[in-house]
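Going in written order, the chains are labelled A, B, C and D, and every chain counts its residues from 1.
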């Protein structure tokens, strides 16, 4: 009984900022094709939300020279929890300091993960109040179902690339208090290829996978939730009719049991439409570890993911893929 | 910042014990029709599980003279959390004492809720280890998908009747640390008809609704999860072909947005096949309260629930429905 | 081998004309809520289509003083088949004569069914040619999937009320050549309550059910197809968010195995969103007949249809429901 | 009006005989994994059916040295239609003569298609009469939904390889009276790669695709229907848990809009689990023709089919793939 208790200080992924060199087309993609709602704009950013998100905004789209991920925001469970996490982050010298807070939020504490991605924690959050024409007939739904395009319900997770997966994974576990859910380890467990973690019952809200080009601070994908695999299938039709490039799926991962569809938004970032997966309730959940053979192609039903799935991330870098401890990484390493 | 922090001591609903006067037929229902797996038997009980449950067993079926609910088990997040909850329960004099633990578990602390339902908390849990023939090809799935009958994935929640909803709701909030998600209140908010609560991101794992016959310790329904509304529709076909009585649904509740189907297992208990709903991540979630008019029929799409949905519970009692503060309760009060 | 061969002269239901006293709101319903496309307008009518319909138009919406059904159009399989059906219709003195053809079609022969509904047969049909912005990325899809509202794919069937079901059923079988699929017969088979027929593999494209108010020429419902029951569920959400009245469903009929949802378009006509059901391929299909008891509530899973489902049709008439040979008709008689 | 009328003499695909060198395992696959019902056995064959098939049997599984397709049976719409088709077949000297009929049927007339596949036509068919324990609670369902494994509803179609696609396609159109639905033609239309045809509203019940190994009488795949794409996804889980090889899918074809999943039954034959697609009602349907570029990978959402999809068929032959008029055929040619 002397073991330390699990940390429950982070409530959930609050929002993600995406950079786009084509802001108008990216906005078309998220608003018209995916059916998100624009709630605010402030140069050079536009703020959006899924119809089921309770917060005012969960996606910030920022005009920039290159695609990639901007600030990743996590909500704390309480003001005290926020303070505890700030102290933990400062104890490893990754803190950047307080901000006055972005749209719809109170102050936040910004920091870098070890790989250099920008993150922040905040507690005060303004709940979304819809204008009359967007009010749902369901009192427990923050906003009317849009019935436009895909109709994504809420943000689900994001996957980041990192040069050192183990170091970033430990930071997320020890400093942020996330629970490790699944891992891919090669070479008899000695090479950590990817780790999937979460502060909630949702299978993962943050993943780190090895950057095969040796970059830093890059984004593999950002993921939005729809209610069922059937909705992912319909999303594929809508993306195809909208002439948006579908990189992979719809299909089912073995890792996470997630039902996925990967497309590139016009700015270049990989966006996943996601459903299925499984919830984790065990406080002592034993992380599931996959080796090279077990991981296979990463697709449960046996098909493969394309080369781009491992070689392309945002911002793109012009470098040959690295060798990972004596072997060429394969499609199987990513999620 | 001086507000008390939310309590996170209960991890999730661990298992439910159901009493049945027809144990063989009830076993047929859960094993052959719903597709659950029998893992253990010890007179007068049989222990079952859904294919996605991580614990050894999540449903205990016990032969008894009358249907109803036996012990409702909650898992704590840590040994320390278990101790804290025991102290809280003892502080309100509802504790019954420690047991050596049921099948697949360490010791538990038993207690009554104010209405008299038997509950327990435990921490030590044996994870399910499938025999070779039931091992899944998915490393992160505790057991092979059964492909038999409905194929329920896991336990989701249960709804209890209580004479005093407010008192039991407060116990669950204050003493167990559950978060209140939704309520039905009549008479300008003064009459508490039902409350839905949860210790997890799942919308509710415990509901209290008023016992219109003034009974105590009764069960409204026990609920099992399937992956999608489409699976609930298929379940309806399977129940119909199995000549199991379907009381209501498939349809969608306004409260919880849950997609439901209610049947009676042969022993008489109401069992729900459930999907949809929404996850709650906000640490400061504002409970959604419905009044008489907003609650309507309880069905989002406008149909009604049958009389039995309010008048029947287990064990059944021979009494006329009570008047609830001057008005006849209607179908709209239950969930 | 001396039996007459089955008639295959009618290819399918071509289009339906609906009258509406609220043309703007009805247009909003079909275009914005159901996602149909407007292809043509000519006072007092607007012509629409589902994205999967191959013909130019399949729904004609006509401004009128009262709701109800206008001309019901059937396509013949060949010019010769058209001539044969015209002769058959004239042989029973129900012919009205030739027209020059409506939008997108060649000449048609108009007639009345015995109950007085207006119908026509035609052969020449203009296939839909989408404007560039509505062209699908699928070469075999007549039009882009709209991703707006419900997204109904095509017309499916319609159900008419008739004072004399048997007489109209015989007309459809003998004169039009439809195959009888299912029937409801009460009083040991002597009272014909409803008949479902089709000229295609689709379960039914035309139904006659008894008009309990003794009217003539009335419409029970017009039905549009979506690809799956999951799409019907989503349609229910969209209708609810659009504040359109949902009369019944989503649920599953026993007759036809159809998965249904009935709403009233703003003009007052009952419109069904429909999927599931089963295809019929047998040239000697034996009609399925249901008696009072077998038919039950008409809902496979056991719930009931509301009173309005039997008492309301368009145009509405102010008359008490008839007695049907000694018994009050119940909800179970309609489909 | 002097054009010949369309022929409607064939009602539908009646049954398919598959050869298997592993009869016990193949039976396990169709009965236990796919959920078909065994209705009859007569050495060396076992007769099965889908729960929604109206005929006694739709699949004949015959023990043989090699996998492949045996007799393909088509039902005529009438005795007269049967005679007319026999005359047409004999007019091109492909007739083999009359049999006394297989299990559950009257006499049949056997013939070869130009490529050498064995076929037959019959009219008299015994409708399935279930034993009491398999009777459905739905009066219009031939048999209880099995709730075992995948639960395929009915046979849908089959795809045959042919050395000369055009010749066999013309035979099916002109002699059998099938309607051409879609084609793949390369080299500016001069090389016919594949043709999809049907005698019913179902998109295709017979496909011919070029045999890249120059064989004769071979089978590409046999296809069974499930009610929705969601059921195909569930089927993939069940096949994976049963350790059955999934060659491709679940995904969506551009040709036919079919939602597919290809697996190999243990005897070696490729079996498709299929849903979606679209119905064809137009008597003058204009066949959709795809060239090399339009056809792409054959997968609507952009992924690819594996090499085996073009190089493997049953019985397998040991030959290098042919060149098709100057170019290597690609995955895109098959359906």
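As a working rule, contacts are C-beta pairs under 8 Å (C-beta built on N, C-alpha and C of every residue); 3 or more make two chains touch, one makes a residue touch a chain.
Note that the structure is a prediction, hence the values are computed from the model and not measured.
Trainee: Measuring between Cα centroids, which chain is at the maximum distance from chain A?
Mentor: C
Trainee: Have a look at C-D versus B-C and report the one with more C-beta pairs in contact.
Mentor: C-D
Trainee: Taking the mean of the CA coordinates per chain, how far is chain C from chain D in Å?
Mentor: Centre separation, chain C to chain D: 32 Å.
Trainee: From the C-alpha centre of chain B to that of chain D, how far is it in Å?
Mentor: 47
Trainee: How many Å are there between the centre of chain B and the centre of chain C, using C-alpha atoms for each centre?
Mentor: A distance of 43 Å separates the two centres.
Trainee: Check each residue of chain B and list the ones that touch at least two other chains.
Mentor: If we look for residues of chain B contacting two or more partner chains, we find 138, 228-230, 237, 240, 300.
Trainee: Taking the complex as given, what residues does chain A use to touch chain D?
Mentor: 228-230, 233, 236-237, 239-240, 245-252, 259, 261, 300-303, 306
Trainee: Going by the contact rule at the top, pick out the chain C residues touching chain A in the complex.
Mentor: 33, 136-138, 144-145, 147-150, 228, 230, 237-238, 240-243
Trainee: List the residues on chain B that touch chain A in their complex, please.
Mentor: Residue list for chain B touching chain A: 1, 3, 5-6, 8, 11-12, 52, 54-55, 75-81, 83, 125, 127, 138-141, 182, 200-202, 227-230, 254-257, 276, 278-279, 281-286, 288, 290, 294, 300.
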